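Think of it as A, B, C, D and E in the order they're written, each chain with its own count starting at 1.
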Amino acid sequence: MDTFLKSGKGLLLAYDQGLEHGPSTDFNDRNIDPNYILDIAEKGHFTGVVFQKGIAEKYYNGKVPLIVKLNGKTNLPRGEPISSQVCSVQEAISLGAKGVGYTIYLGSAHENIMLQEFGEIQEEAHEEGIPAIAWIYPRGEAIKNDVAPEIISYAARAGLEIGADAVKIKYTGDPTSFRWAVKAAGLAKVFMSGGPKAPTDETFLNQVKGVIEAGATGLAVGRNVWQHADPLKMSSALSEIIFNGKDVQQALGMVVAQ
Amino acid sequence: MDTFLKSGKGLLLAYDQGLEHGPSTDFNDRNIDPNYILDIAEKGHFTGVVFQKGIAEKYYNGKVPLIVKLNGKTNLPRGEPISSQVCSVQEAISLGAKGVGYTIYLGSAHENIMLQEFGEIQEEAHEEGIPAIAWIYPRGEAIKNDVAPEIISYAARAGLEIGADAVKIKYTGDPTSFRWAVKAAGLAKVFMSGGPKAPTDETFLNQVKGVIEAGATGLAVGRNVWQHADPLKMSSALSEIIFNGKDVQQALGMVVAQ
Amino acid sequence: MDTFLKSGKGLLLAYDQGLEHGPSTDFNDRNIDPNYILDIAEKGHFTGVVFQKGIAEKYYNGKVPLIVKLNGKTNLPRGEPISSQVCSVQEAISLGAKGVGYTIYLGSAHENIMLQEFGEIQEEAHEEGIPAIAWIYPRGEAIKNDVAPEIISYAARAGLEIGADAVKIKYTGDPTSFRWAVKAAGLAKVFMSGGPKAPTDETFLNQVKGVIEAGATGLAVGRNVWQHADPLKMSSALSEIIFNGKDVQQALGMVVAQ
Amino acid sequence: MDTFLKSGKGLLLAYDQGLEHGPSTDFNDRNIDPNYILDIAEKGHFTGVVFQKGIAEKYYNGKVPLIVKLNGKTNLPRGEPISSQVCSVQEAISLGAKGVGYTIYLGSAHENIMLQEFGEIQEEAHEEGIPAIAWIYPRGEAIKNDVAPEIISYAARAGLEIGADAVKIKYTGDPTSFRWAVKAAGLAKVFMSGGPKAPTDETFLNQVKGVIEAGATGLAVGRNVWQHADPLKMSSALSEIIFNGKDVQQALGMVVAQ
Amino acid sequence: MDTFLKSGKGLLLAYDQGLEHGPSTDFNDRNIDPNYILDIAEKGHFTGVVFQKGIAEKYYNGKVPLIVKLNGKTNLPRGEPISSQVCSVQEAISLGAKGVGYTIYLGSAHENIMLQEFGEIQEEAHEEGIPAIAWIYPRGEAIKNDVAPEIISYAARAGLEIGADAVKIKYTGDPTSFRWAVKAAGLAKVFMSGGPKAPTDETFLNQVKGVIEAGATGLAVGRNVWQHADPLKMSSALSEIIFNGKDVQQALGMVVAQ
């Protein structure tokens, strides 16, 4: 994972929401354009950017290390969630990827299919010398609360057990319970999933601060940056917390009030 | 996609309705014959023609660039839609194809199977240096309105994300909302799906004009041409709008009143 | 398909009913023996004989061109019909086959699996230079009337679209509607499926005459020949209609009254 | 099948009940030990012995020709029966097998999966020059009476059609109806499945006599031998009927009264 | 299995509970760390340690022979249990494994999938010269009592039949019935599954003594060791019973009272 880290910490810009949620849910006239995101990734000093293969193939410019998500789904189908591989490891590498990502809906009735597919991807990625990163989201009828501490730590641990080099998980809500998740992940790096735009900048920066205090490696963020009125200022604030250990108030000072 | 474009615009003649809808639904004594369609494609100056492999193998004459649809289904089965690959990329190329097409029923319970199959096809097509075109039709129990703007733009965006070089989608009904879909598709070319025969020529030409105004690349049309009393005149009218920027009334003048 | 035609017409002897219907339903002490069928095929001047691989391997004598059915099922399971490949194209060829057959239950919930499997078989057969023949029977909960003209013509057209060199379909009941099916099949040859033993010879010969009048290539017949009291006379009657253009009364004269 | 026949007849000792039924249902302190069975097979002059691969690998001594069952299941799961391949043809051969066996639950909702898997096994076995033997047991919700004559003859015929060199089927209860099954199997050899321990030796020997009278090749027996108080005497009785054409009373004289 | 035995007996330390049960169910601040387990395995003189591939890749130090579990699942999904392969045999070997493990939920509606996958793994492992160990747990709607003697002996026998070199099964509760399971396993080695932490040390040691008296090879233990207040003392107690034939009271003397 060193390609995606700076002093052991990481800040990834995620942009697969066009497939996962649809453009009308998450995008506006600016952030619907992948070039806008690439620009933020570069100027905001992100340590990695996350695309599906189509965006990577048509837009990627090589300036920020690339993670290609290898599976994906829309939010349209009903029933137990399943996301299948749509890009091979070889294709991802040929598009410039230095790492690959894969989502596992833990607890889904199709969990075993995704665990198996990730297992194959992880081995292929390691043969190629690149990290395999697991987005692990407990979801489906069996999951009552997908951010309960015991569920989030289970997701983190599952990632370690199946050989993920890093796991992207949701925040539990407080540093103490998230610390347990980080501990469960062991030598697998933990990235908090940014999630939907937080009601205020302070709320979001507090989450990020909690994640870092809990010992996590960093953040994979999308909407809280590229839906922000000033993405670069928010990026700077995140960098200050993640890489420079600043506190929330210091970081907040970098963001223009909304 | 350049093979299928003229000055950056495209007009494709689609003819897989025999499999998708059945001959008794869509055909008459003339247009049931693939040679009739090949004739229209050539004389109507279409930039591409779309066949299933059987038609391509037994009829294709090499005069208009060929897209082979790689999957297909009938409209007979009940339940969540799924269309599986019936022709390999290699076979399509050996039949003369310069591009391949594949339908994805976004929102179907089997969405993941089609996304995965398209993923493999797209990589194989690109290795062979030909474009992969995605017919993206949201369909299934989860889809209440398959031409709602947010659904059509989702289809367009999904196509971009999974690496389609072009997407064929339905019209939203107005240029403004379709422009959003075109924007969502980014560098993937957008073709409107012609759909069933429109009640009047004017209605259809207005749709096409709206599509072009919205910034789309063109049209993949079937029934509105080969069910037309004078397909070549309708083809000319479409060409005028798509390639020459004429308005609807100008184009309408080329079509004999029905 | 030339291997199986005489002056462009064909008469195939089908004998896979042992698997499809069971011996107690269709066989008696004579026709349960494959050698009896081989004898009829030869002496009755059939242009092809259709076996499953087991019969081909243990009985086939090379005298009449062989079609090996590559899939098959019993009539025992409930639920939506599916018939899976039980013989490879290579194996069929090694058993002496000059053509391969495959059944598709159009409209079944498993339609897509059979279309996909046929797609692979068709390509392999064509690489080997032999025809792929599709038995296309609309069946399953979604099919209310499996000999309705629009259903039979759909079956015929589906065969053409997916690359079948010939289709075996049921009779619609009259030459006019069957002519539409033949037209829908285009350059794919159409064989009527003989079906269960007709109540009288005249009834059956009238069907065959109607099929030929409709422009079809011929007949794939089983029970109406090998359940007949005098199979060779019935074979002669069929030959007269199919190859020599005789009318029903002329042909009927060749059959001993039952 | 000659490897497993003596003067055209065969007597196979089946011992896969540990997997199919469990040890507590069928075994006692003696017959739970595979060496006990190997001893019976040798001293009882069986023409073949049937094991799963695990027993073959750890116990087989090469004295009696070996058939390895390639699939298997427990009797624990509910629902439509399915038994999947657990041993490859290559592995079976490396364990010393001179033939392979495979069970098909005809009429099961999963019938097509087993027919397809057997199809592949049969071709691989024939390439290797060894016979493929089909255990064909109609079973599942659709099967009301699994020993009805029309069902047993269907099983026999299905075996012939899909290329089995021998079929193992249950007894219909009388020689007349079983003769029809033997006829349906044609050139495929027919072995009666021994089934559970018969109430008396005479009952069982009468069944075996009926099977031989019906023209079958022999018997694949397990529990009626290795659950017997004196397996070797029962083996001798079976040999007398099968190989020497003795009648039941003569054979019965060889068995100690129980 | 000799790699994992000392004088024919074995004591394996199992640590895949992080994936199977989640960290919050089974772990505390000490045993959540794989290094803690590796330390116990070495100092406690275990003859083998069992990890998923992720733990093996990031922590394994080569000091105690390694078994890599090749499949795994979480306890989150509802429905019939299925655990799919997430690690290849080749990958396990490259991680240092001298044996591979695989869990089969006997009686599950998906039993056949797991039996088939194990079948392939077993052959690949044997080609590589390492043992294949089957965790066999009857589970699912069809299983009323998963430690009933007839169920446990069935599990043991199934392991032998499908070619497992060793089976890991639950304890039946008494040596007499477990002896039957050991007998059913034949030449396959039997390891008792340790299960959840027993209420008292004496309870657990009594189980282990019963297992050894029944003729089993040993124990695969996790929670009863690494959840213990003094894992090394408990390890010594287990060693005394398993390797040195001590009785429970003697062994108990080695464990500090809790």
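Note that in this section a residue touches a chain if its C-beta (ideal position, glycine included) is under 8 Å from a C-beta of that chain, and two chains touch if they have at least 3 such contacts.
Everything numeric in this text was worked out from a predicted model, so none of it was measured.
Novice: If you walk from chain to touching chain, how few steps can bring you from chain C to chain E?
Specialist: 2
Novice: Which chains, if any, touch chain A and chain B both?
Specialist: Looking at chain B and chain A together, no chain touches each of them.
Novice: Taking all residue numbers at the chain C to chain D contact, is the shared part over half or under half, that is, same or different?
Specialist: Looking at both copies, the contact residues mostly diverge.
Novice: When the centre of a chain is set as the mean of its C-alpha atoms, what distance in Å lies between chain D and chain E?
Specialist: Taking the mean C-alpha position of each chain, the two centres sit 35 Å apart.
Novice: How many angstrom lie between the centres of chain B and chain E, each centre taken as the mean Cα position?
Specialist: Here the centre of chain E sits 57 Å away from the centre of chain B.
Novice: Find every residue in chain E that makes contact with two or more other chains and list them.
Specialist: In chain E, no residue touches at least two other chains, as defined above.
Novice: Which residues, counting only chain A, touch chain E once they are in their complex?
Specialist: Residues of chain A touching chain E: 106-109, 111-113, 115-116, 118-120, 123, 138, 140-143, 149-150, 153-154, 156-164, 180, 183-184, 186-188.
Novice: Mind pulling up the chain C residues that touch chain D in the complex?
Specialist: 16, 18-19, 22-25, 27, 29, 32-34, 52-55, 57-59, 72-74, 76-79, 82-88, 91
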